[in-house]
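Since the structure comes first, as structure tokens, the remarks are kept for the end.
Per-chain residue numbering starts at 1, and chain names A, B and C are given in the order in which the chains are listed.
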Amino acid sequence: MIANLLDGIVLGLQFGLLAAGLTLVYGLGGVLNLAYGQMAVISATTIVLAMDAGMPVFPAIALGLAAGGLLGLIFDLTILRPVYQRQGEARVLLSLLLTLGLAFVIDGYLSWKYPTKALTLRIGGGPIEIIGVRMVRGAVVASIITVVVLGVLLFFFRKTTLGRAVRSVIEDEEGARLVGVDPRRIMRLILVMTGVLAALVAVTRSLVVPVSTTAGFELTVSAMIVTVVGGLGSVAGAVLAGIVLGIISTVAASTVGTVLSLVILLVAAAVTILIRPSGLLGVRE
Amino acid sequence: MLEVTGITAGYQGGDVIRDVGFRVEPGEAVMIIGSNGAGKTTLFRTVLGLLPPSTGTVKLQGEDLVGISTHRIARKGIAFVPAERRLFPRMTAEENLALGAYPGRPDTATLEGVFDLFPRLSERRRQRAGTMSGGEQQMLAVGRALMSRPRLLILDEPTTGLAPKLAAEAYRALEVLRERGLTVLVAEQQVPLALAFSNRGYVLENGSISKAGTSAELAGDPDVRRAYLGVS
Amino acid sequence: MTERFTEATGTSGIGGIEHRGSRSMAALLVPVVGTGAVLALVPLWLGDSGVMMGLAVGGLTFAAYAIGFNLIFGSTGQLFLCVGALAGIGGYGAAILADKAGWPLLIGVIAATLAAGGVGGLLSWVAVRRSLGVIFTGIITLIFSLVFTNLILGLGSITGGDGGFHVQAGADTFLRQRIPPYYLMLGVVLAYLVVHGLLRRSRVGWAFRALRDDELAAEMTGVNVSRYRVVAASLGAAMLGLSGAVNAFTEGTISPTTYGFSQVDVTVLVMLAFGGIGTLFGPVLGAVVFSVIDELLVDLGQLRVVVYGALVIVLFLWIPRGVIPTLADLLKARARSTTISRPGTTPAPPSSTAPGRPSP
């Protein structure tokens, strides 16, 4: 049971990190990025290709993170430009459809060009014992990285001027403009940041399971569900929802099997959304 | 300081204000009075670049602001307190104030100045803005505007939703600011308060300026007395 | 012309159709019959090849899916990302009832169709009751899609799991012959077009289109918007279920990918976006065009997905309303410049007048 719980937290932290990127972009500008999982996959593929070419692990990872950030910038400068010109629901819908198209372009290309590539980062050494439970070393390292990244994010949003400016746009875009914040620049910054976050998700996940070139869609959907359950625009909510759903998922998996556990997970998510459409920690509108 | 000429602006349904012009000199307190729907908010939104005018110019110390985005205008020394306040509800009072100084960091002396003016904000500095009372939120909105150390403070109906006593208090605070040399432009429906506060004023009716004059002139104008002061 | 058109559409409720209907019914039926006649010729051309006929039936199945989805999303703005799942309820439901429970095939199809309609109605009812917007409706229905797929995978003893199963029922009937399934599916598509056409012409259908332009106008017509949403979703979902069920028997094999999200929902969305969301014939045009494109690009393998993705982007950026409305506007502009206009055949110009009151 405790083992399940710990596994659930490991999974949940990754869910949380995954959802953080999606939730920020949505909260900031009403943009739903359905190519988010593909950002992670592109970063993963970049790392694999760099390592195949003989690059050592850490520079390769750095390259992957840079690729993620660059991708975010490219999204902002290209496909999202027409999206920014719309308002309200039309904006969400257009962003959803355009990024869905983009997701398919990326998915199709990667699975055509690199059908068998997958990122697997292995960390040597045996399992680590935590409160009497033996945990895979990779999972522990992945969780530590995730916690550190989430901590940095939290510090950025709470304590720095720029981080507060980001939150101000989420809270009230017009109010933010009136104090001198440029929402477009904030959006660009956050897209670059979510690109890096997606890359980090790819890296931490690959410490536990291989990240294949076709994993994009699954990552996006997980991120979206966690995001909605946590409350759109709330990073803390995303982390909380990630952990809750992660625990539900692993506990259910050990009792009813993987496939049906996914059903339970999804139903739990649906019920949460129906009871609280604003999510666990979302803004009530 | 601020000179607006020939502004026509509106939304898809049509023009809300037509050929509106007014000016604010440094150190003045100027009011724009008008009833609900006269176009006061539209006028201010146009000045702040939140709404593009179809014609006209908005000049801040000679520089045309039309076409400049709101965040740039805000950084040029105009602070705007909208009627709906536009605070950041899930952030603390202190964080709201800090953002007022964006992109800079909040300056301690300015912050102390705001707390001097509104001691309540000092008590509530760790409280989330969304959970504060209407009066406190109004103080916070003005306080946030002051954090940028503006040259010109524009307020749109600062007494909206406030009880008469709180409304009078709000104007006392504005009085203090004016005495310190801040230029203030205020739109108001509660005309007696605004008349007592300002040097000059304009009457906005159905989207056009119908009268202009010193506060004393306007207070003596029979039309103004009938329409806005309830005196026949 | 404007006035007459407004009058005709405004009053063509149930009563309106009866006494005024001959012309407006003709305006609906003539293009439907025309479409049917053109599509009916396809077997003359491709009838010799079993593979090509299979593709043609597949194309019509997608046309049927697209009409069902169009009824839900295009007409009433509910983003149902569970087209495949609803079709799958029909397909798996009917096949399981016929094969494993031993029900007569037709009864199984009817039961599965009703089940799909019921689920669609329930989803819509929940969305309406919780006043979920487009995005939340999309997410809830997407979750439903995933639940459905995982249930199919998880209940392998009944569904055959990942590999699916061969449908025995109907194996020795016309359903597995080369050409009859094509005409069956064509009949389904034409029937759907008539149903959707009638619904659009009804007072509520008119009000719903008005709602998109002007909420107040729609409210003033006194239509119960929520109820119409649920009815449209139930009807659309039943259409999806029926198409899925027919597909299961004509195909002979079903698996999770037959009704998968990436396989069905995305394709249907592209087809609809191409043809024109909310238009009557857009789904058919989109399905036909994309079935042809799909076949032409078959050698590209996975790269086809790239083409589709790029098409989605191009379509939504440059012809967001789809080909039919864009072409219709072009034609209308030309018609206006040559002052030739025939009532009923060109789309109604935007009219500021409120729709006529319902006939007493």
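Convention: contacts are C-beta pairs under 8 Å (C-beta built on N, C-alpha and C of every residue); 3 or more make two chains touch, one makes a residue touch a chain.
Treat the numbers as computed from the prediction; the structure is a model and nothing was measured.
> Which chain has its Cα centroid closest to the overall Cα centroid?
A
> Counting C-beta pairs in contact, which two chains come out on top?
A-C
> Based on CA centres, what chain would you say lies at the far end from chain C?
Farthest from chain C by mean C-alpha position: B.
> Let me have the rounded angstrom distance from the C-alpha centre of chain A over to the C-alpha centre of chain B, please.
Using C-alpha averages as centres, the distance is 42 Å.
> From the mean C-alpha coordinate of chain B to that of chain C, what's the distance rounded to whole Å?
54
> If you average the Cα atoms of chain A and of chain C to get two centres, how far apart are those centres in Å?
It comes to 34 Å between the two C-alpha centres.
> Where in chain B do residues touch at least two different other chains?
Within chain B, no residue touches at least two other chains.
> Give the list of chain B residues in touch with chain A in this complex.
Going by the criterion above, the answer is residues 48, 50, 69-72, 74-75, 79-80, 82, 85-91, 95, 98-100, 102-105, 144, 148.
> Which stretch or stretches of chain A touch chain C in the complex?
Interface residues on chain A, with respect to chain C: 32, 79, 82, 89, 92-94, 96-98, 100-109, 111-112, 115, 217, 221, 224-225, 228, 257, 259-260, 262-263, 266-267, 269-270, 273-274, 277.
> So in the complex, the part of chain A that touches chain B is made up of which residues?
Touch list, chain A to chain B: 161, 164-165, 167-168, 171-172, 174-183, 283.
> Can you name the residues of chain C that touch chain A in the complex?
Residues 79, 126, 130, 132-136, 138-140, 142-144, 146-147, 150-151, 153-154, 262, 266, 269, 273, 301-313, 316-317, 320 of chain C touch chain A in their complex.
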